[in-house]
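Paired with chain B in one complex and with chain C in the other, chain A is shared by the two complexes that follow.
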Partner chain A sequence: MLISLFFRCRLLNKQKQAGFLAMVLMLFLSLASGLAQSLETPQDGLAIGRQLLAEDNPGDLWTERGKRLFHSNRGPKNKSLETCDLGLGPGITKGAFAQLPRYFNDTKSVQDLESRLLTCMVEIQGFARAELISRRFGTLDQDSDIEALVAFIGSDSNNLPMNIGLSHPLERVMYETGKILFYRRSGPLDFACMTCHGETGKRVRLQDLPNMTKKEEIQQAVTTGWPAYRGTHSTVRTMQHRLSDCNWQMRLPDLNYASDLSVAITTFLNYSANGGLIKLPGVRR
Partner chain B sequence: MKAITDQWVRGYRLGAIPLLLFFSACSQWTASFIDVRSNAETMVMGAYSATPELNQRAVQDPSQKICSLMPDESLTQDQMTFVTDAAKHSVSYPNSGHLTGDWKKGAELVADGTGQRIVNGQIEKLARNGALCNNCHQIDPKEVNAGNLGPSLVGYAKLRGRSETVIRYTYEKIYNAWAFLPCSNMPRLGANHFLTPEQIADVVAYLTDPQSPVNAP
Partner chain C sequence: MAEPMKIRATLKNNMAEIRVLVAHPMETGQRKDATGAIVPTHFIHSMTVHLNETLVYDGQWSQAISRNPVFALRIKGAKIGDKVVVHWMDNKNDKRNDEITLQA
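And now, the complex of A and B:
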């Protein structure tokens, strides 16, 4: 008991230290990004900043916590997630991220990592779905178990290529629908995903925007986050959080967690990134 | 005991195979009838749980529908005419009749990227919306925090002058960008009631006034 408490304290300290280090590096990154605009060589400032961050990524702490959570008995049913099928068989996390979203026979639907985790945590561990959703995004007062689990499962596909099959017809439907949604303009600002993510070298304010219509850029975007440690949020954020944040900027209402729309867009993006080598969790501003 | 369990599991699995085949055949059959475009609309309807008024934001107007071009599509002449005409008809002007206002107020609006965002079903509470210009445009040459999704507008009136035609064009362009370039990336800030006619006039002043930093020598 004492030992675990001691370990927890050390972890917290390490987390803070890492957070501070990340902030310093973020500052460096943002200063360097202006310079990096005109340079594409591996020696440019942005690449150096990224390399430094990758060597001491605070997200690794979430990965470790996620691994513990995955294998511990938890929830009203006091079960681990070792019987959770993420598409490759019960409890198999290695390579699971690389093939998601995919169709699942038990739910008769295409699910991304987060909607699949919800299913497992409700069915296997007995958690209440609404409760899990209310804690989906961590705050400084309350960690999110889902963010940690996603960091762990994502990182367990590291160095494997994205490999979305679209072998099931409903996966194909999800992809085609996601593609339409990517180009669908709506809201008081007339935005689609495409408005910000359709050209190379664009920024909103100082934030670089990946061009999701270009193979190398979408591969880079998908395989290095999300999940990614987000410096300005001091936590690991997930793809569902990214989509939710984009929606907020587009002035649309709060995007329902694990909605079909979010899974469709993720299917479209992840399939388009096929072949890219996974390196998770990433690090972002 | 373990042997019995294994046997049971194997038996269960064998029994499940025809069932699985049946279901996969079913969904295969269903999938071939799904129209992805209406499927997308169904998903949009299911993606939000705010009030009907706020959810309405995700519903497309006819011009947004036309402007949601897929990569292999381009606008037809009829569509171009429809979007341009709708945009031209949408423009209204300040009651004062003046299309240029206070450039200093305009400066504040241009740098302000907030307004109308929704958190937990509530619209953010602000005295007014920002005009969002710097999110995408460099305008004041000294502004560091400016995006590049839109073209630079540095020296706007030095390049174009400030004739009545330029002023009117600038006002109408901000009010509804699609009146001049159908389906451009720029939001229809006036037509969508994001900015009032008076606020747009302030932004026009900021872009065209000789005193404004935009036109600094």
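And now, the complex of A and C:
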């Protein structure tokens, strides 16, 4: 196009040529500045889309369902989860997400929200653990109760800061383990979490990935991250789902649901996000 | 029994903006389940909105509407204390009626 413009310019006389060039230049300049004003980077467009989605977040439907599930009598023992201790006392959900994962005396282990929910649903409601795990991730044919419960409990800590204590020695061990897992490359692709999440603006697809080594970005990622409604899945997904998917993307052996390994990474990430204000459920592509 | 809708309403200069989040599978009849069987159509075919007793929206929907759709409309001449009632019915005769009172 520029070449043809050049030839056309040559055909014109000199005065006209100067005028024409100036006009073209002005056109380009105005176009460029117009674009620059509306969209500085591709991320700005995404931010607009995310804002629109967040205003009517379908994840809220999961939150509502989770609330009903939490308070209703279910399972073989026909009990509600109102006696489930998420770390702040039986049945207390407000602020529970903000201090998980943490050490629990009864199970003698560090648990994240999902592994704790499994414990409660098995111990209190009498569900079979294997069956709960087989239905942990919802499909279009069958919703997952755990996803709804996580959405409800997560959103009940909204506007509270992440506050992981690491007061128990085992919590410290989990944190250190998670840190190693995050930074150490492994597997056939020689990937670590760090490979994708250690650089601002890094992309492995259209959207940029959060840089988990920067305080602000990890706070944003954790506090508005999971549970989040995923548009491409038409359901709310949890942190365990994100981790197992990341694991699969790195071609590592499957990450067992609610395993110590997954809790360790969550402990490391959530502790690193301490202080960030929780806003859940999030919205993701 | 269907899941409740989530309704938000904001009132600005006698203009109410109603935003409704509907929990519905909205099956098109094109999708296959895990066993390979076609999932039968299941969609909202009728949607109405009443402001107090007055019908302000009467819509016929189809399978083309997305799963868990967001539906928004603006109503002129609404005031604080007015009742907005949203009702839908699907092709399996499942229905849901939810309401909200307009607040400042």
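Please note the rule applied: the second predicted complex is superposed on the first by the 238 of 285 C-alpha atoms of A that agree within 3 Å, B and C clash if a C-alpha of one lies under 4 Å from a C-alpha of the other, contacts with A are read in each partner's own complex, and residues count from 1 in each chain.
Heads up, the rule we're going with is that a contact is a pair of C-beta atoms (placed from the backbone, for glycine too) under 8 Å apart; a residue touches a chain by one contact, two chains touch by 3 or more.
Predicted model only: the values in this text are computed from it and were never measured.
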Combined model on chain A: chain C and chain B, fit or clash: fit
Contacts of A:L170 with chain B and chain C, given as first, second, both or neither: first
Contacts of A:D56 with chain B and chain C, given as first, second, both or neither: second
Which of chain B and chain C A:R251 touches, first, second, both or neither: first
First, second, both or neither for A:L261, with chain B first and chain C second: first
Which superposed partner A:M121 touches (first chain B, second chain C, both, neither): neither
If touched residues of chain A are counted for chain B and for chain C, the larger one: B
Lowest inter-chain C-alpha distance for chain C and chain B in the superposed arrangement, angstrom: 14
Contact footprint of chain A on chain B as seen in their complex: 20, 23-24, 27-28, 30-32, 34, 36-37, 39-40, 42-44, 46-50, 54-55, 57-60, 64, 67-71, 113, 116-121, 132, 134-136, 144-149, 185, 187-188, 192-194
Parts of chain C lying in touch with chain A, wherever the complex brings them together: 3-4, 6, 8, 19, 21, 23, 25, 31, 33-34, 39, 67-68, 70, 72
Chain A - residues contacting chain B, complex: 103, 105, 108, 168-170, 172-173, 176-177, 179-181, 183-192, 195-196, 199, 201-207, 209, 213, 248-249, 251-256, 259-262, 264
Of chain A, residues touching chain C in the complex: 55-56, 58, 60-61, 64-65, 139-141, 234
